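Order of writing sets the labels: A, B, C and D. Residues in every chain begin at 1.
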C-alpha cells in the first residue's frame, strides 16, 4: 500500500516537473531582464566592483549573503552543540 | 595516520593551498571567486591534513575554542560592515569614492584594480575568515567524534 | 556551439535529478541514502536556477579582461551560490544527527532506529 | 526616534543577529552576563517591534530598501523595476512580528532555568537568537529569495535546538525529521521561485504581483509554494513529523516552533493573497485550503485523545488548532474578489482566523511551557505516571487551567472570542464548517480535562512529595503569556480594532502593498 502510494506520488510529481520545465523559455534564450541588465550596466559605477556576481552578492543582494553567512554560522553552532559532551568534565562557575 | 610520504607531501602542499585560497579571497571582487570559494579551498586543505594526520594530532594546532572565536569575529566584521552604512541605509556601500578600496574602475571590460569595490573586498575577507574557521571546526568535530571524543563546551 | 545541444537539455536534466532524488527520498530507508537524496535534490534545483540565467554565447559577468559582447545574467548565479552554501550547512547538520542516531541505536535504518510512533 | 523608526525594519532583524554573533564571545567570559545580554537584546527588539507597529497603524506600510541611497528609494531613479532587496512591513507583518517578539522573549526567560542543568548553554542561546532573526526576516521581507533564506535560518536553528538534549535518542530522531522536512520544503520553495524568475526576471513580491499572468507555470509554482508551506505547518496529510519533532524539543523551543509554523502560514497567506491575489482562481484554492483545514482540525484532535505523552498530546492539539486558522482565512480567500461577500462575512472570517492565530500563539506556548514544567518537576512526559501535582505546583496548575479554558473556547476567555467570530462568519459560507468546529472544540475540552485530571488531581503521589514548584524564571515566562491571554480577554474589541482588522485588511488590499514599492517612482 505504501509503495503504491509512493509510486503514484512520484509519477505525478515527475510528470508535473517535466511538463513544467518544457514550458520554461528555451535554454540560452531568456526574456529580456530589466533587473539583470541594470545590474550589469551599473554595477561598476555604483559599487566599483569588476566582478558583477560579487557586486550582486555583497551589495545589491547583501542581506541574502548575510543570511547565507548566518546559516553557515548556525550550522557550525548546531554541529558543535550536538557533538558536545552531555556531562561537564569539571564544574564551571 | 597515513605513510610518511603522504604526510611529508601534505605538509608541503598545505602552504600552496592556503596561498591559493587567500588569492581567491583577496581577488574576489575582480576575478571569479570570493570569500566562500576561497574559504572552501583552504578548508579542503584542512581536510587533506585530517586525512594525512590523525584528528588527535591536528587538534593540538587547531583548537575548537580558537576556531569559535575566529568564526564569531568573521561574522561580526561582516555585520558591522553592513551596519556602518546605516547612516544612509543598512548595507549602503559607504567606501565607494574614498581612498580605501574606493576607486571606480574604467567602465566596461578592462584590467582589474585591487583598490576597488568599497566594502566588497572587506566583506569577502570577513566571509573567508568565517568559512575557514567554521567549516574547519565542523570537519574537525566530526572527525573527533567518530574517534570517540566529544566537543567540550 | 549551442546548436548541438537539444533545446532544453539542462532544464530536463534538472527535472530528472529532482525526480531521482524524490525516488530516493520516498523509497529508501537508509538515513545516509536519504541525505544523499536531499543533496541531489539540492543539486537539481541549483542546476535549474543557474541555467535560467544563461544567454546563448554570453560570457561570465566579470569585467576583468573580458571580450566585448553579451554577458549572462548575474542574479541567478548569485542565487545559486547562496543556495549551494545553504545546502552545505543543511547537510552538515543532517550528517551530525545521523551520526548521533547511529550512536544511540546502532542502526541507520529508519525503520529499525525508530523510537517515535503515531 | 524618527531615525530609529525609519531603520527599525532592518534593526529588528539585525539586532538579534548581532547579538547572536556576540553571544559566543560573551558566553566565554561570564554566564550571567550572557543571560542578561540575551534577554536585554530581546527586550529591546520587542520595544522596537511595538514602536514600528504603532507607526504603521498611523502612517501605513513601511518600505526599506537595503543598500540604496535612501530607505524609501525602492526603485533606482529613472528605472521601472526594483533591483535591491526590499523589506516591506504592513499590518499583517507587524501583527506577526508582535506575536513573535512576545513569545520569543517569554521563551528566552523560561529557558534561563529550564535548561540550567544542561551543557552547551551558550550555543543554545546563540541558536535561539538566530531563530528569532529567521522568524522576523520571514515576516518582514518583501523579497521571495530572501524569504527562502530566512526560512532556512529558522528551520536549521530550530532543528538543532530540537535535538538539543543529545543524551536521548528520540530528540535526535525528532530533529532529523524536522530538518529533512524543512530541507525538502525549502527546496520546493526555491524551485517555485525559480519558475517565477524564469518568466518575470524578478524576485520582488510587490513587482511580481503587478506583472503576474497566472500561466501554467505560475499554477505549478503556486502548488509548490502551498505544498511546501503546508508541509512546514503540519497540515494533515503531511503532519506525521509534527508531533515527533515538537514533543521532544525543550519546552521553550516548542513554544517558539509553534510560532515558526505560524510564520510559514504567514508566508502561505502572503503568497495566496498578495503575490497571486489579483489573478488567483480564488474559490478553487480557497476550497482546497478549507477541506484540508477541516481534515487537519479533525484528525489532529482525534489523534490527541489517545496520547499519553503530555507534549505529544499538546502537539496534536496544535495541529488541530492550526485547522481553525486555515478555515477562517480559507473562507476569506474563497470569496476574494467578490467585494459584497467580503464585506458580509469574508473579512470577518479572515479576522477570526487571524485572531485565532494571536490567541493560539499565546495559549499554546503557555500550555507547552506548563508541559515543560511538569517534565521539569517529574522527569517524565508520561501522563499516566503523574498525579496529584496540584498540591505542589500551584502556579503551574493555575496557568494550565487558563490555557485549557482558552484553547477549548470557554467564554469569556480569548479563545472563545476568536472561535465565535469564525463560527458566525463561516456559518454563512457553509454550515458544516461551523458544526465540525464546535465538535472539535468539545473534543479538545474533553481531552484537556482528562489530562488535567490525570496530572494535577488526585492524591499526592509518594515519588513527587519532596519536590518544589518550578524556578521563578520559568514562572515569569509563563506569566508573560498568561498576561497576554488576560489582556486579550479583557479588551477583545480593542485588539480586534488595532491589530486584527489592519492585518486582515492588509491581506485583502493587495494594491496598497504593490503601490508601496512600485508607486514610489520619483
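Operating definition for what follows: a residue touches a chain if its C-beta (ideal position, glycine included) is under 8 Å from a C-beta of that chain, and two chains touch if they have at least 3 such contacts.
Nothing here was measured: the structure is a model prediction, and the numbers come from that model.
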Pair sharing more residue contacts (C-beta pairs) when C-D is set against B-D: C-D
Length of the line joining the C-alpha centres of chain C and chain D, rounded to whole Å: 29
Rounded Å distance, chain B centre to chain D centre (Cα mean): 36
Chain A-chain D separation of Cα centroids, rounded to whole Å: 23
Whole-Å separation of chain centres (CA-atom averages), chain A against chain C: 10
Residues within chain D bordering two or more other chains: 17, 21, 24, 66-67, 119-120, 145, 149, 152, 156, 159-160, 163, 166, 172, 175, 198, 201
Multi-partner residues of chain B (at least 2 other chains): 30-32, 36, 68, 75, 79, 82, 91, 93, 105, 108, 110, 112, 135, 138, 142, 145, 153
Residues of chain A whose C-beta touches two or more other chains: 20, 24, 30, 33, 35-36, 39, 44, 50-51, 53, 55, 57, 59-68, 70-76, 78-80, 82-86, 88, 92
Chain contact graph, described as a line, ring, star, complete graph or other shape: complete
Of all residues in chain A, those that touch chain D in their complex: 16, 19-20, 23-25, 30-36, 38-39, 42, 59-64, 66-68, 70-71, 73-75, 77-82, 84-88, 92-93
Residues of chain D defined as touching chain C within the complex: 145, 149, 152, 156, 159-160, 163, 166, 169-170, 172-176, 179-180, 183-184, 187, 190-191, 194, 197-198, 201, 203, 243-244, 247-248, 303
Chain D-facing residues of chain C, complex: 18, 25, 31, 34, 38, 41-42, 45, 48-49, 52, 73, 75-76, 79, 82-83, 86-87, 89-90, 93-94, 97-98, 100-101, 104-105, 113-116, 118
Of chain B, residues touching chain A in the complex: 28-32, 34, 36, 64, 68, 71, 75, 78-79, 82, 91, 93, 96, 101-105, 107-108, 110, 112-113, 116-120, 123-124, 127, 130-131, 134-135, 137-138, 141-142, 144-145, 150-153
Chain A residues touching chain B - in the complex, by the definition given at the top: 44-51, 53-55, 57-59, 62-63, 65-66, 68-70, 72-73, 75-76, 79-80, 83-86, 88-89, 92
